[in-house]
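In the two complexes that follow, chain A is the common piece, with chain B as its partner first and chain C second.
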Partner chain A sequence: MVQQLSLYGSLDDASYDLFVSTMTTVSGNPPIAFAKLSTVWIPNPAFQIEGVNTKNQLVEQTRIKLERKLPLSSLTSDDDGKSPAKYTHSIVKSLVGDDIPIEYKQLKQHIGELPRKADPDAMDVDSEESKPVSAAAFDDEPWCVTIADIPAAGNNRKVSMQTINESVLMSHVGPDTSITSIMGGLGYVFQYQYITAGVKFNLKHGLVVELQKIWNVSESSKKQVTKGGFLIKAFINVGKATDIERMNFTESVLLNLQKELQGYVDLAVPDRKSMDSRMGFE
Partner chain B sequence: MSQNSAPMMSKSSNLSLNEDTYKADFSGVPSQALDAIRMRLAQLTHSLRKIREDLSKAELPQWYALQAQLNVTLTQLMSVTSTLEHFHDTLDATAVYPLPKFPTTSHEALLTTLLRKKYTPEVDEWIQQSKEASGLDSTQLDRKNIAQILQKDKECTKWALDIFNEEFEKYNFKGLQTRKEQLESGSPDVEYTLESQTRKHTSAFVVEDILNFVYRGEEKEEKSSEEPKATVSQ
Partner chain C sequence: MPRTAVLFVERATPATLTDFKDSLANVLLSVEDGWSMEFRTYRTQIKNYPGDSSAKLMYSLNFSFERELSVMVKGQTALLLSSDAAAGALSADPRVQRLVDSDCSTGFPESFDNLLSSKLSNMWEQRQVLRGDAGESFRTMGYLVRCINVFSSTGFKGLAIQVEQDAGDDEAQLQDRIDEVKELLRGISITEFKVSSDRLTSSATKHSPNDYLCNLAHQYVRVMES
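Moving on to the complex of A and B:
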């Protein structure tokens, strides 16, 4: 369980190059491009889940997020014969529209909802030839399981503070090894998914600044949520919420960054309600 | 320099010692000269005081702020000097004395200070210092020679200043072009500004809308005339 202290901001597409070079200078580190698939799961509505436990305490139902790394090669459609060195932060810049060369079906294969071909050995060969990005190729890729609480309340918070439980799912066994069946075992079903691509910078004191573009990939359409810009997320994870000294220090590190970028990019604390992943009661 | 004078005193021609009937005649007071000098001295003392305050602060002001302040002070000092020079004749011919009404006994110290004609020791010291600094031996040279030397010195200074201005015009201390290039190309001064200074980034979206999607899968309704869906209650 970690405390994540964060600040958010936004950036338009045209400012990407300038921001990347600014952050490279500020951090002294080159930008790191990344891409990931995020799937969000909700408690199965088919079950009658009691709102209270045996002690008559309210039980909050929370969404679970499963994330898995995607190769950068999946972000471009023309990747034949290109060396891995080509996949730099410039690849992110080219992604401005709604379209992204990742198909809904491929993503469904990731979570194992769409049946694959019967023979796994044969399929590996097939997929290498037909589709460069096949879910099967990433079966060994671990899933990151995340449950997040709503950020801490308070009017004069200078940074957003959120409790996050995180775990890594390395492998799973059983007759049906898909992630859907595992989540089904926990009483959870798939709700929606999105793809995040962007760059991140590692700064001192564990500070990470991420530029993200997010696509909502649904069965019928692909839509870029962050159209025309980038979501900026600056965050630091602190191991224990009780480590007040560390928390205060971390907060000041974030505020320093905010001050440094002031007038250029304004980092702010978002409305905590927008970061609430609980189911709520209707 | 001429002796400064206080307004309470005047040059009078018809002095009567009868206090009841005595009327001071202020017509002889060179009020215009005194007022001009007083105003400039007030400015000068004000800026000198400001410099002293600035320097005594725990945190020194920026160097350029100090320099600007010093420039102002020097200009004011020059203004005082030229004003004194301008009214030199009038002030030199003015004799100062107290009016009969002046409370001589109770304010003797003030009176003697105001009427003092001899330089105070530090002023004497300054005069001596500047004489030494000029490198002229007043015991060996007479007034005429000294005036000549000073005149030459002034001419030399003027020449140096002209040369400096002439050279300064030849070079360009701003921008990316040399003066020569600028003259040849005939283009007016181009202002070079960094892109980072002019670039104002605009936000393409509201951060909360994105987070609503990331955390709950809520999508922002675009151009929908329908009633928005009920949001998740907190």
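Moving on to the complex of A and C:
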């Protein structure tokens, strides 16, 4: 169980360069680009699930989020240069439209809902043909299984505070296992998925500032949710919620950042309902 | 990936372990570290969950010799889960670190048992916990034997013996080892036991080295579920 203290803001596309150079100066570290796939799962509606456990304690049904790293190379369709050095944060800047070179089918392969093509050439290391990076190449990447609470209530909260439970799924074995069959066995079904691409800065005291672009990828369409700008997320994770001193300190670090960026970027506490992962509160 | 097998003697007494140790002494090379394990059974609370009663069960296994890893077993599927805190840990798996770097993980993962008991207890109820403490490990020629007395909350359940091949992937060789252990058991007049050397991993797919734990957990489930 970890507490995530956070503040959110937004930035338009045109301000990207200035913000990145500002943060590079402030943090003393270069930006780190990243991309991830998030899949969201809900309790199978076909099941009769009680709202209480055998001890008669109230347990609300919540979504489960499974996330896995995507390679930066999957964000660009131009594959002339094979050097990983090419994949810098400038990729993130170039992604302004709805389109990203990641297909719905590919994502479904990640969770094993669609079978991978039985392609005999796939094993051939010399084959340069396989242009769209197939999901099979990332079978080694683990999944993070996350269940998050609704952020803490309170009118005069200066930062958002959310309890997160997570475990890391390193691998799964057995005949015909896939993420879909595993989640199905647990009583969950797929709801939706999205892709996040962004840059992050690691600052002092565990403070992380991220610029994110998010795409909804559905069967029929791809849509950038953050069109025209970026979502800014500034957060610190605290391992022990009981460490009050640490929590207070962490809050002050976030508030300092908020003050520092004031007038340029406004970091604020988001509506806690927008971060509610419980079922039946949509 | 080492091949493993698990034997379980239900008709044993806590002293059987000592007898087994004595008979093993002849082939013993060295005594290794102690160990412990936990075996939890979960049963689904979902009323219309499909399948027979065994389909409604799920098991979790934790071994002290792989402290940061735990295995969930459900039917013919095993999941390897890590609670290795990436933040600041030197031993951290680089793959866990990559999850943190790409904003998937906070860097404070916990065991899946925690998630089941805190967030999913309306769907999965923990039925029983079998514990083995103060287990012993013995190195013999080419393989490692771990044995442990397993207890439930009501009392002694039995003696579990785990055979782990040092290297190689030779099924016949492992069978020889199992036969040796069986012979030792017969030597102390134990004739009733359950054995499993089943594997969930297939040689056709690529597996990470730690996936042997999934096979091991599956074998424990096979011999200990009743």
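Here is the rule we use: the second predicted complex is superposed on the first by the 261 of 282 C-alpha atoms of A that agree within 3 Å, B and C clash if a C-alpha of one lies under 4 Å from a C-alpha of the other, contacts with A are read in each partner's own complex, and residues count from 1 in each chain.
Note that a contact is a pair of C-beta atoms (placed from the backbone, for glycine too) under 8 Å apart; a residue touches a chain by one contact, two chains touch by 3 or more.
Everything quoted here is computed from the prediction, not taken from an experiment.
With both complexes brought onto chain A, simultaneous placement of chain B and chain C is permitted, the two fitting side by side without a clash.
Set against each other, chain B and chain C differ in how many residues of chain A they touch, and the higher count belongs to C. Using the contact criterion defined above for the overlaid structures, shared-chain residue A:Val145 touches chain C, although it does not reach chain B. In the superposition on chain A, A:Ile244 makes contact with neither chain B nor chain C. In the superposition on chain A, A:Ala153 contacts neither chain B nor chain C. Once the two complexes are overlaid on the shared chain, A:Gln191 sits against chain B while remaining clear of chain C.
In the superposed model, A:Met275 makes contact with chain B only, not with chain C. In the composite built from the two structures, the nearest CA pair linking chain B and chain C is 13 Å apart. Overlap of the chain B and chain C interfaces on chain A comprises residues 38. Contact residues on chain C toward chain A in their complex (touch as defined above): 44-49, 58, 69, 74-85, 87, 93, 95-96, 98-99, 101-112, 114-115, 118-125, 200-202, 206-208, 210-211, 214-215. Remark: chain B residues 195-196, 199, 201-217, 219, 230, 232-234 touch chain A in the complex. Chain A meets chain C in the complex at residues 1-2, 4, 32, 34-36, 38, 43, 46-55, 57, 59, 61-62, 67-70, 139-147, 164-175, 177, 181-182, 185-187, 196, 198, 200, 210, 237, 239.
Residues of chain A that touch chain B in their complex: 8-15, 18, 22, 38, 40, 63, 148, 191-192, 194, 214, 216, 225-229, 231, 264-265, 268, 270-271, 273-277, 279-282.
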